[in-house]
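One chain, chain A, appears in both complexes that follow, with chain B as partner in the first and chain C in the second.
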Partner chain A sequence: MATEYVKLVDVTKCDGCRACMVACKNWNDLPAEPQDFLGTMQSHANVSADTWNVLTFVEHENSKGGLDYLFRHSSCYHCVDAACEKVCPESAISYTDFGSVVIDHDKCVGCGYCEQNCPFDVISLKEYKDKNGKEYRKANKCTMCTDRLEEGLQPACVTTCHPGAMQFGEKEEMLQKAEKRVSEIKERYPNATIYNPAGVGGTHTIYVLAEKPSVYGMPENPKVPTSAVLWKDYAQPIGKAMVGGVTMALVGAFVANKFFDKKGKEHEEDGGDRHE
Partner chain B sequence: MKKSVVSKEYQNLQKEIAKLQEQWKKSLNPDVVKPNLDQAAMSAGVPVAALAAIDFDISLFLQWIDELSKLIVDQHQELEEKLGEVRSLLNEETAIRWIDEAFSLNSIYFARFAEENGIDEWIPQFLAENALRPYLQLTADKVQDVAKAVHGAGCPVCGEPARLAQLEGEGKKVIHCPRCHAHWPEKRIQCSHCGNDDHKTIQFITVEGEASSQVLCCEKCKGYTKVIDTRQFISRPSSAILDLTSIHLDFVAQENGYQAAPGNLETNN
Partner chain C sequence: MTNHWSDIQHSDCALIMGANPAENHPISFRWLTKAQEKGGKIVSVDPRFTRTSAKADVYAQLRSGTDIAFMGGMIKYALDNELYHKDYVVNYTNASFILKDTYEFNDGIFSGYDEPTRKYDKTQWAFETDEEGNPVKDMTLKHPRSVFQMMKNHYSRYDADTVCSVTGTPKEDFLKVCEAFCATGAPDKAGTILYAMGTTQHTVGTQNVRAFGMIQLLLGNMGLPGGGLNAMRGESNVQGSTDFGLLYNNLTGYLGAPTMLHPTLEAYNEKETPSAGYWSNKPKFLVSLLKAWYGPNATKDNEFGYQYLPKGNKNYSHINLFSAMYKGELEGAFLFGTNPVVGGPNAGKEKEALGNLKWLVAADLWETESASFWQKEAGSNPSAISTEVFLLPAASSYEKEGSVSNSSRWMQYRWQAIKPKGQSLADLEIIHEMYLHLKDLYKNEKTPAAKPFNALDWNFGKGNHPDIDLVCKEINGYDLTTGKLVPGFGALKDDGTTTSGNWIYSGFYPEEGNNRAKSRDNKDTGGGNYLNWSFAWPANRRILYNRAAADLNGKPWSKKTAIIWWDASQKKWVGNDVPDFVVDRAPTDPGGTNPYTMLKDGVAGLFAGNLNDGPFPEHYEPFESPVANAFSSQDSNPAIQLFDGEFNLKGDYKQFPIVATTYRVSEHWQSGSMTRNQEWLSELVGHMFVEISEELAKEKGIKNKDKVIVSSARGEIEAYAMVTKRFKPYTIQGQKVHHIGMPWHFGYKGFATGDTANRLTPHIGDANTTIPEYKAFLCNVRRAN
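And then the complex of A and B:
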């Protein structure tokens, strides 16, 4: 297995410039999505099929009564135990050697299970039309720029981040940096924390947050839905085993009939037991 | 995106050689290199290594050639006989000559040596150059802060023509010598060879799908420099490996009529 990498997002260094959004659009050749004014600096309400990362802006009254303007680069978390991967009936979603979670568009049938089950709401379906005008859907999300990783390059959003709010590197090194950073900012942000939720086995996008996750609109304790676990870890293997069992039984019955039921056959050949 | 045109096998061999060179350099006493920082000569573009007094240890040089040969044979058994043959030709006198000729990049001498002894042309200079580099790299380490580059003179330490630049920090362009690992800054829009900084006569060639590299081409001297944004890399390779893995850019530039060393300089490329 290749080295496991992590994108570390230190939101306390982010200045909200949104260059990461532009870099993502540019590298992945994603079309612009004109938006109405949302009453905030935030350009898009959430990530979408054509906008794989969004800079969120949150006004927050801190524990000292002051106002904090909190920015966060929001995109796929690339869970270690990804619900989207579990629920995909076509095995179109998989883990790469780098730890990123990617969608194979050739296999995706646009069922939308991944979209419904993602605890972070970062997968979206996009409508396409084929040459005959027939509509079909495919799931889309951030790929962690896996095509760049394969070439030894960092994700596009990381390379463009001028305040150094995003770093990319080996998992252990990034976790150590995150811990060090949290200890540095604890005085200013008493609620500072590392966001690497255990409910999804940890993630490959890890955050240093100034406040509790819920302040940023992130789930405090995200989990892989029980239905997804039941489906992938129990129902599917049992189903496959049963299909295997039935197949084996049918093959066994066929073989037994064909090769071992000679008695009846001999009688037929002799014509002895028939009286018509 | 395209992967490097150089095979993984050859890249790995070069990485192993680079590791060996680093070990060899560390094993040297820094005092074997005594730089002579003659400002007038340096301003005229004379490489520091040419002015320095370097106390070469010939037996060590021969030992390094043995180690290098072993490394190559480990990966390419078929070369064992050829490399053994070359080694049998080497004595103290020849080794001293090899050091001198490798130092001055005398490809003609090595080609003649190979021809006279009926061996493959690449072998003598390859061995001599790689066994010499630790001394050059040690020299570069010692004079890095004082060596000043002169346009047209190549590397201020070893004289290798400039052909590789990296973008670092906030976007600073730094020329890196793949031979001795010396490095020096340069303006973003400037030819490393003639010093031309007229933006109207500087062109950039980019390869479609390559996000991190471009070739700076000068219309005045027809020289080129590969400029690679290594800030985008997950882990930054040594300049020698970077020079090797970006060799396709040399082909692209040369096919477009530009030269790594405008004039008649020889390179180790």
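And then the complex of A and C:
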């Protein structure tokens, strides 16, 4: 593999200005999604098909009895071992040389397995209509601005980040910076940590956090679902060998319903789409 | 700012008070973060735990409107613990000056007060002088009537317990702030104070800034890199607008506007020109300005056209204009990029006042709430309003060429990126076209109104499009004897042979060079001052009073805080900035140790006898307050102009027991007319909200996200409740006081709409500037339905 790159997000330098959110929409030409009032400064509850990064705001009473107001740029983690890539029956999701995980809309059939299996909840389906009024769906998420990387530019969010809370660079260098930073801020934030979870093989968006991941609403130990591993590494190759790639989506639909549909049931119980 | 944005990185401690730069001046955090990485501390003092507080090393809450109590306490702390920079205080301030017996202070009132007019006779606040008129000094600072001792005595009442009972700050936090900031009194440390409208928008706003100035002088922080007193301006070009005389009481370059007290140019010069200090050149600046405006029509025989200037006898500030408008005393108004129906104090009444105009012209990017004040959606009855409204579409900053001046006093040129949409025009073109039309209408008239208009020397090229380069050159100024551009304000004369549209910018466009506002060399010329990036007024100087960063002998107080110093071999001041001093005046020369060259005495004023409300800042409660003043029997500032009657109802704390303040969010700009029409910003903050503490929410039965009604004596608004840990109840003089806050950006137009916070705020202003007291007033909150 070529040199591995990561986006390092040092949330302890973030001042919550949300320029990253606007820069993302600007570069990627994403429409606004007006929301109901959420009761905090946070604008959107989660990332969505049209809002690829969200600045989260958490009021946290820390172990010293003081108040922390914690900000975090949240978007796709670009896992080294990406569940979305594993479960995609059409191989529409792939890794780039930069380490980013991208979706090929020409191949995506909108089956939604990626959305259901992402351990971080950062992929979403969007409804489109073709010129005949026919509805179809495609998965969307942060691309790490791979189109910019290919032109030698940095991701739009990184470029716009004025306090330097985000950097994009070679993985080893970024990890060293992260370790140095954590040691610098330990006195103020005793729970400071690097977030680069091993359960997904590490990520290409690595965080310096002031608090435990759960304080930010992040999974402490995210894992690629076993079902996804089974599917990608065992069932799919065998299946493709037996029936050919073209019909794999049909087989996939059957298998996937058995394997992956844990979230679909929750949706029914909620009676709604979690992205609204 | 005395210093500049990138200079903040050199600070050992940044006291951020009356400001929330993480949210409202985000780019400052690029430099504050660097300062912090180098071991500097950030201190945030704010009624609410803000995003700035979140990034700070020390946070202390204080009740809105109690900054002077807090800073008075810090002054006492610095004096009691001898943390002040003694050499600096003795030599570079008026601490050693002896005050005349006429100066007194008693129970909240300074000597010379006249109750019926609510004005002071400031001549009573004077120094003892010798036969030659020089101040009498005691360099030991021990004389009981020395400024130093009088100051010490004044703030002896500001002990930590009294201060904290007024501000509601936990004493431990107050002391932590004092300790952190007063540590910069060491000669090798520099502390900066960053402030904004949380400081100024009070009935004691000017004195709030004065209190900051005093502590910075005591700690020897003025003139040093990483130090200074730094106003973060709230608009991209508000620095430029005040520089260019947009305030009612200023011509350009902070030359005071003439009033009835100045019937002739001679009278103006006599009254307004100090005998010493750089302002003694004021007549040169004024005559050069008159020559720029009236050209050949300004001659020695006609006082250089001085009589063309209006000479009012009133306070023409925003509050007074709207008060007059409400009474039907104004016929028409121009609103250029301003939206008082959202942004004005007691905005509901200001909206009614607009209905008393015959005509209103609004120049803006969108139809604002003010341009459409007469509409049903604005809560008005269109059939009852006869005001004729004209809407002129204005071009945005990307659609035009010109300069903006930022907080650092940097005049930065911008180029047009796209052509204006539709029929919109740049403000300059609107004004230019208006001039051309009016010239035509006035040309055969001899009326008093036509006279000054016909005298204007308006030479910005032919046709409807003014040549902006000629405007720039007029600002810089010409030598009329040679026809060449002047090299700087030092060349200006009072005999009518020079021009300059704004003396403080003179030198930005010299004969030999280009327009220096266009300079874009980002190479650090030393100390992070980037002298070849843009042009900083005055004279491209980046840090004002930088002579004060060196000791009496011209040697830097420390290596770390060095900026300019005396080079004996070259016989001049050298260093990383343009010296704020006569460049070859040796420390041993007369005046060689007087760094405050603008001021008559050459030293800075711990005691300042020129403000309307006293020479030392004194705590007064806001116009509306939940408590009586603990420091004196004067509840509110005795020198403010009172507005009463139905136009400005005053709330009582029994009916409105909650302290409220207003503020801005990152995503919206001022009255929101630009940002609420922008979808990506509107989705980020799409709703009017009010932040309330968990404790208050519980008392009132309010849940997060509930709709609530906020009421004041002036009106009621609806908003969403944002229940937060970042507001906490205060204990003020033993009683529990709740505090809330809300953004003031909202109106009914655009994508993000909501009720207007300023329908709650009072129509009352500061004793010196008349800036409205938006930041502290009384209200109540209840659940809607």
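As a convention for this text, the second predicted complex is superposed on the first by the 237 of 276 C-alpha atoms of A that agree within 3 Å, B and C clash if a C-alpha of one lies under 4 Å from a C-alpha of the other, contacts with A are read in each partner's own complex, and residues count from 1 in each chain.
By our rule, contacts are C-beta pairs under 8 Å (C-beta built on N, C-alpha and C of every residue); 3 or more make two chains touch, one makes a residue touch a chain.
Quick caveat: nothing in here was measured; it's all calculated off a predicted structure.
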More chain A residues in contact - chain B or chain C: C
Does chain B (first) or chain C (second) touch A:Tyr5, or do both, or does neither? first
Just to be sure I read the superposition right, which of the two partners does A:Glu135 touch: chain B = first, chain C = second, or both, or neither? neither
Name the contact category of A:Ser43: first (chain B only), second (chain C only), both, or neither. second
Identify the partner contact of A:Asp147: answer first if only chain B is touched, second if only chain C is, both if each is, neither if none is. first
Between chain B and chain C, whom does A:Thr159 touch in the aligned arrangement: first, second, both, or neither? first
Figure out whether A:Gly169 sits in contact with chain B (first) or chain C (second), or with both, or with neither. first
Given the touch rule stated above, what does A:Trp27 touch, chain B (first), chain C (second), both, or neither? first
Where on chain A do chain B and chain C both make contact? none
So in the complex, the part of chain A that touches chain B is made up of which residues? 5, 27, 147-154, 156, 159, 168-169
Using the touch definition from the top, list the residues of chain A that touch chain C in their complex. 13, 15-19, 21-22, 25-26, 31-35, 37-41, 43-44, 59, 61, 67-71, 162-164, 188
Within the complex, chain A is touched by chain C residues 22-23, 26-27, 29-30, 33, 49, 51-55, 57, 665-667, 679-687, 689, 704-705, 720-726, 751
Footprint of chain A on chain B - complex, ascending: 1, 3, 211-212, 231-235
